[in-house]
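What follows is subunit A paired twice: with subunit B in the first complex and subunit C in the second.
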Partner chain A sequence: MTTILPRKDAVIVGLGWTGAILAHELTEAGLDVVAIERGPWRDTATDFNIGYAQDELRYGIRRDLFLQPVVEAMTMRNNTSQTALPMRDYGSFLPGNGVGGAGVHWNGHTWRFWDSDFQIADHLRDRYGAARIQDLQLQNWGVTGAEMEKSFDRLEYLAGISGKAGNINGLIQEGGNPFEDPRSRDYPLPPLQMTYAPTLFAQVTKSLNLHPFPTPAANLSKDYINPLGIAMGQCTMCGFCERFGCANYSKSSAQTTILPVLMKKKNFEVRTESEVLHVDLDASKKHARGVTYVNTSGEEFFQPADIVLLCAYGLHNVRLMMLSGIGQIYDPNTGEGTVGRNYCYQTNAGAQVFFDDKNFNPFVAAGALGQTVDDFNGDAFDHGPLDFVGGAGINCIPSNGRPIQTRPTPPGTPRWGSDWKKATVKSYKSTLGFSSQGSSYPTRGNYLDLDPTYTDRFGRPLLRFTFDFPDNDIRMSNWVSDRMEEIAKAFGGKQYTNTRRKKGWDSVPYQSTHNTGGAIMGTDPKTSAVNKYLQSWDVANVFVIGASAFAHNAGKNPTGTVGALAFHAADAIRQQYLRNPGQPLVSA
Partner chain B sequence: METHCLKRPTRRQFLSSVAFTILAGGAAPVMARSISGRLPWEARSADPPVQVKPGGWLFFTLEEAQTMEAVADRLVPADDLSLGGKDAGCVLYLDRQLVGSYGTSSRLYTKGPFMPGLPTQGYQASDTPAQRYRAGIAALNAFTRETKGGKRFAELAPADQDAVLKDLEAGKITLPNKVDAKSFFNLMLANVMEGFFADPIYGGNKDMASWKMLGFPGARYDYRDHVSKHNQPYPLPPVSIAGSTEWMTR
Partner chain C sequence: MSRIVFSLTLAATAFSAGLALAQAPDQADEIIRGRYQAILGDCSACHTAPGAKPLSGGLPLETPFGQIIPPNITPDKATGIGNWTEADFRSALKKGIGHGGKRLYPAMPYPAYTRMTDRDIGNLWSYLRTVDPVFNPVESNQLPFPFNIRLSMMGWNMLNFTPGEFQPDPSKSAEWNRGAYIVQGPGHCGTCHSPKTALGADETSEALQGGSLQGWYAPNITGNSYIGIGSWSEDQIVRYLKTGTNGHTIASGPMAEAIQASTSLMTDEDVHAIATYLKSTEGGSTQKPQPIPASDARMKVGAAIYHDTCSACHGGDGKGASQLFPALAGSSIVQQPSAETLTRLVLQGSQAVHTPAAKTTPAMPSLGWKLSDEQVAAVLTYVRNSWGNAAPSVGASDIGAQR
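What follows is the complex of A and B.
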């Protein structure tokens, strides 16, 4: 039996970064808003408790804060000739769970995608010709970098990002990223104090005529009070960032930047431990009536609402659309359908340099404390003579020295016994790592849909991945690995490794929780699921907010752009949609 | 205004609730709740870890425990760098893990059908870690009894134990009862290392032996004084979540 609840102006699915931003914006506009969150309520003092937050086994290995596969798993295969099987444990990527979402346990790298990303198809076609990108399903996002600037700025000031501008209104700034788009002002906080490894990385890459700069970080370099009046504390470089909640109020998240204000509003409510099963559409399938959800006691509810905002993790947004019949599911054979289209990931590789005479104190670290080189990222360099498009940021961001997982040893070291132990002790403090975070460009054959065999605890089909690294991206990553090899040699260490990305995406070893696409934004309802304001082309009172909207993934962490898109959509709802509710903001 | 807000159930309340066990995923499930008009916070609602105490095996039989202690002592041998895996408590750690959510795979996706997968698809068998240890240790001892003059693994000389472990690691041994040698070795290696390097609160890493060995300061949580001291050794000894031995003796 389903209990029908009183109507709300807006229902939000998921209370992480995007849900909290949208909830704040819409309640400011006077709307009565309810958020429905599958996981538990979480607050810093209780759940990221400073008495035991620094527990690698519990949070890093057993992943207490993450989505557990028993709650929702996903299936994967590398191509359509294989049978997808469930990832019985998450490995390659780790979705979040609970209030704050993945924004609780992220590292805090906060990037802006570039105008050459938002207009990628036009940009690359104009510069290199259509033939260069014919194997890729690259599409414009429907917005420009200039259009997004204000939203990036709002996110960065909300979150108190520590960094150094590289380009303020067209003027290149010494010490920042010279390849970034113009920004209207500097970051709200100066860069974090550098540890030894990134300091050395900056020296070495400068000597190679590259342009290192401090990675923009949501780990706060100073105490900060954000525009909502919420106070945050200086990061202590504890080395327990990614996979952990921050006990110091020093890592930006919904908890540290929005919830203290949002939760006190009378026109906001959150219901936790309540999983939305689907969005309910009316008979026309063009209007959403609300959502149906079930709580931990197994009680089912229907929550009617005028606006439905899907603000879950991008992958969950896509699956909810499929389970609800919003739009048509993508078919790689015909290229028709939009939901599930352009799933992208991240194309990463890594290098390590082993020294005899250095002590990097790897445990003195923060999630985003480091240096980045963007000389080979995106289209910052001329691809004219090359056989690929895209690029990678090269990052020296040693985020921790937690010893269950972080124990580098030189190649050839046994995995156990006395020799293993000697090598482990020798290398623990004296190894410097850096990595490439590469772009991931869409192809016709990489997509998401519903699995025909495996179901969740409610009997609903699991999301199915069909994904492998495209040849273009492998060529890109290899070329960037060549550059990394030059950097690794220039360090002058005793020995180095340079591990290259190969085809055959493996779902087991952790790689990146940067899953993008599946409900992409764009200019054409035939090739995108949502318009430039993240409004569903098919159901006008549904907005789908998250990295699900990315038409491709750049060589950058997605959260900065996800947050900016949330503000961008919120502005469109407040300033345009509410004047003509139920109407498309862009005519198809 | 809070419409209803129930406290976290105790473990016992949780286990006695059938409705919960159908739906709950994590180790510390909470009731569905509605929160509005205030930032909720409740005293004593945090969920700290419980110190593992030695004394008796909860999962292993005596013979299994002896086998695993022998294995742990070869994977992490006692030498001038640290004590060995057995004395570090790696098997105590493992024993307690195997009776918890890890041992029973209660957080994992365990619905069928179970089909052999590709390496990129990860572990696809239905056996839990607890079941794999039960079968794996029995198979290992059956193998050594058969090939090493009737001796159990723990009764072999250290050099012979090393040789068996190397062959397991390389998949050169065929264990009885279809136990996959390589995969069982990798499971033991991963878990022994977890026990050796995890916070001592979980039963291993006795006296923070592995942290002292590496120079990892543990749960200190504030290194602002040391950030700019590049290439200089960190001066303080490690602390555990439970504190430090120095504190306790004062």
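What follows is the complex of A and C.
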């Protein structure tokens, strides 16, 4: 039996970064809002208690804060000729769970995508010709970099990002990223104090005529009070960011930037440990009535609402749309359907340099404390003579020196035994690592849909991945790895390694939790699931907010752009949609 | 949050009721002034249970003599004070004798309210008549024999109670007198902050010098610069009362509630007046003892625990971070004669109050699950005797008693 609850103005599925931003914005507009969150309530002092927050076994290895496959698993295959099998454990990527979502346990790299990303199809076609991108399903996002600037700025000031501007209103700033789009003002906080490894990386890359700059970080370089009046503390560089909640109010998250204000509002409520099963549509299938969810006792509820905001992790947003019949599921054979289209990932590779005479003290660290080189990212360089598009940021961000997982050893070291032990002791402090985070461009055959065989505990089909690294991206990554090898050599260390990305995505080893696309934004309802305001083309009172909207993935961490899109959508809802509820903001 | 919501509801109720009555503009003013008296007196702190209708009865108060449940003071005739007259109400506040001659227990701070002016009491009465009546039977008297005999309060009053309105001191400024009036009268600060006699009365000779209640130690709030608030500037006292945080400390426990429901809603003039008055008061030892030397074994253990568990937030130098983490160095609260509050904070944790000017609500995590009695005693001894602090050591048995 389903209990029908009193109507709300808006229901939000998932209370992470985007859910919290939307909830704050819509409650400010006077709406009565409820957020429904599958995982538990999480708060700094009670859940990231300083007395156990840095428990690597519990959080780093056993992954206490993450979604567990018993709650929701997914199936994967590399191409349509294979039969997908369920991932029995999450490995390659680690979706979040609970209030704050993945924003609780991220590292804090906070990037802006560029105008050449948002208008990628036009940009690359104009510069290199249509033939260059014919194997890729690249699409414009429907927005421009200039249009998004204000939203990026709001996110960065909400979150107290530490960084150095590279381009303020068109003026290049010494020490910042010269390749970034113009921004209206500098970051709210100066860069974090650099540790030795990124300092050396900056010296070496500069000597190669590259342009290193401090990675924009959501680990705070100073005490900060954000525009909502919420105070955050200076990062202590304990090196427990990714996979951990921050015990010091020093890492930006919904908990540290929004919830203290949001939770006090009379027109806001969150229901935790409640899983949304589907969005309920009316008979026309053009209007959402609300959502149906189930609590941990198995009781089912219908929450009627005028607006439904899907703010779960991008992959969950896509699956919920499919389970609810919002839009048509993408079919790679015909190219028709939009939900599941343009799933992208991240194309990464890494290098390590081993020294005899250096001490990097890797345990002094923060998730985003480091230096980045963007000379080979996106379209910052001329691809004319090359055989690929896209690029990668090269990052030296030694985010931690945690004892279980930080065990670098030089090539030739045995994998176990006393020689291995000796080598880990010797190399722990004297190894410098850096990595490339490469773009991931869509192809016709990389997509998400519902698995025909495997179901979850409620009998609903699991999400199925069909994905492999596109040839273009492999060529890109290997070309960037050549550049990394030049950098590695220039360090003058004793030895170096330089791993190269190969085809054959493997879901087991951790790679990146930057799963994008599947409910992409765009200008054409035939090729995108949501319009430029993240409003469903098919069901006008549903907005789908998250990295699911990315039409491709750049060589950057997605959270900055995810947060900016949340503000962008919130503005559209407040300023346009609420004046004319139920209507499309863009006519198809 | 609930408190703020209540206050807003109360305001709305006051206005609507005032307008509904529409008898005279004077009466509306009286009700609004009366609502402010309810803020000064923080009636809701005791008389409103969390989540319940305003003033419909509170949570049990634990006194050394037993439990008392604050009654329903809404105008409900059956279970509230709907049958009371203004004279009954006046008598309750001024003399501790309510409707039908029933004697109140001094958990109701009539020894302070007796200092209130007739006009303020009249306004408060007018306001209370406008609160929504709520049917909620409360049996206040849960005390064991012989304390449950209300008549015994007659004797108590003879020994401990001096009725009478506040008398201004003409040699002092109007602001000082206003502050003294609020502190001694409606604000009833001494109810928590003054030590108690064996009979549970305020130790008037030691007014505002700190008292223990409900598992907290309400600190010395005189102008004493060692263990009082003498080292706070007037502005810092004002900021504390308005926001719950002032760079020195962050309110916790019952004071956090008092700030949320009462002091943060007072006018700026009144909060300044309180600060002026408190700064002028004296009390308690100003003689700082010699700190326990760092070489002491307890101090060494405490230092190790501090650096491992506490320093990430409070800093290696004990200076904290303003708005988020209270400074321990130089903190009078850290150096109180009793470590009861500190012990409670370490064992159970505490969350800062939410006020419009300080919204973060940072929290001290509970560490009782991790630290043994000996370890808590050592780390508290360390913070009480480091960075220029000096205060008696804390024993493991004190910690055990509070678990």
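Convention: the second predicted complex is superposed on the first by the 588 of 588 C-alpha atoms of A that agree within 3 Å, B and C clash if a C-alpha of one lies under 4 Å from a C-alpha of the other, contacts with A are read in each partner's own complex, and residues count from 1 in each chain.
Criterion: contacts are C-beta pairs under 8 Å (C-beta built on N, C-alpha and C of every residue); 3 or more make two chains touch, one makes a residue touch a chain.
Since the structure is predicted, the reported quantities are computational estimates derived from the model, not experimental observations.
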| item | value |
| --- | --- |
| Clash-or-fit label for the pair subunit B, subunit C on subunit A | fit |
| Partner chain(s) touched by A:Thr2 [first = subunit B, second = subunit C, both, neither] | neither |
| Partner chain(s) touched by A:Tyr249 [first = subunit B, second = subunit C, both, neither] | second |
| First (subunit B), second (subunit C), both or neither touched by A:Gly233 | second |
| Subunit B versus subunit C as contact partner of A:Asn49, first or second or both or neither | both |
| Of subunit C and subunit B, partner touching more subunit A residues | B |
| Subunit B versus subunit C as contact partner of A:Trp505, first or second or both or neither | first |
| First, second, both or neither for A:Lys266, with subunit B first and subunit C second | both |
| Which superposed partner A:Asp223 touches (first subunit B, second subunit C, both, neither) | second |
| CA minimum distance (subunit B, subunit C), superposed complexes, angstrom | 5 |
| On subunit A, positions contacted by subunit B and by subunit C | 43, 45-46, 49-52, 234, 236, 238, 247-248, 260, 263-264, 266 |
| Residue numbers on subunit C that touch subunit A, as the complex places them | 1, 4-5, 309, 312-313, 321-325, 349, 351, 354, 357-367, 369-370 |
| Subunit B partner contacts - residues on subunit A that touch it in the complex | 40-41, 43, 45-47, 49-58, 61-62, 64, 67-71, 73, 76-78, 82-83, 85-89, 91, 97, 193-196, 199, 234, 236-240, 247-248, 259-260, 263-266, 268-274, 294-299, 358-361, 363-364, 401-404, 407, 415-418, 421-422, 424-425, 428-429, 453-455, 457, 504-508 |
| Touching residues (chain side subunit A, partner subunit C) in the complex | 43-46, 49-52, 223, 225, 228-234, 236, 238, 247-249, 260-261, 263-264, 266 |
| Complex interface listing, subunit B residues touching subunit A | 19-20, 22-27, 29-42, 45-49, 74-77, 79, 81-82, 101-102, 105-111, 113, 115, 117-124, 162, 165, 169, 189, 193-194, 197-199, 201-202, 210-211, 213-224, 226-228, 230-234, 241 |
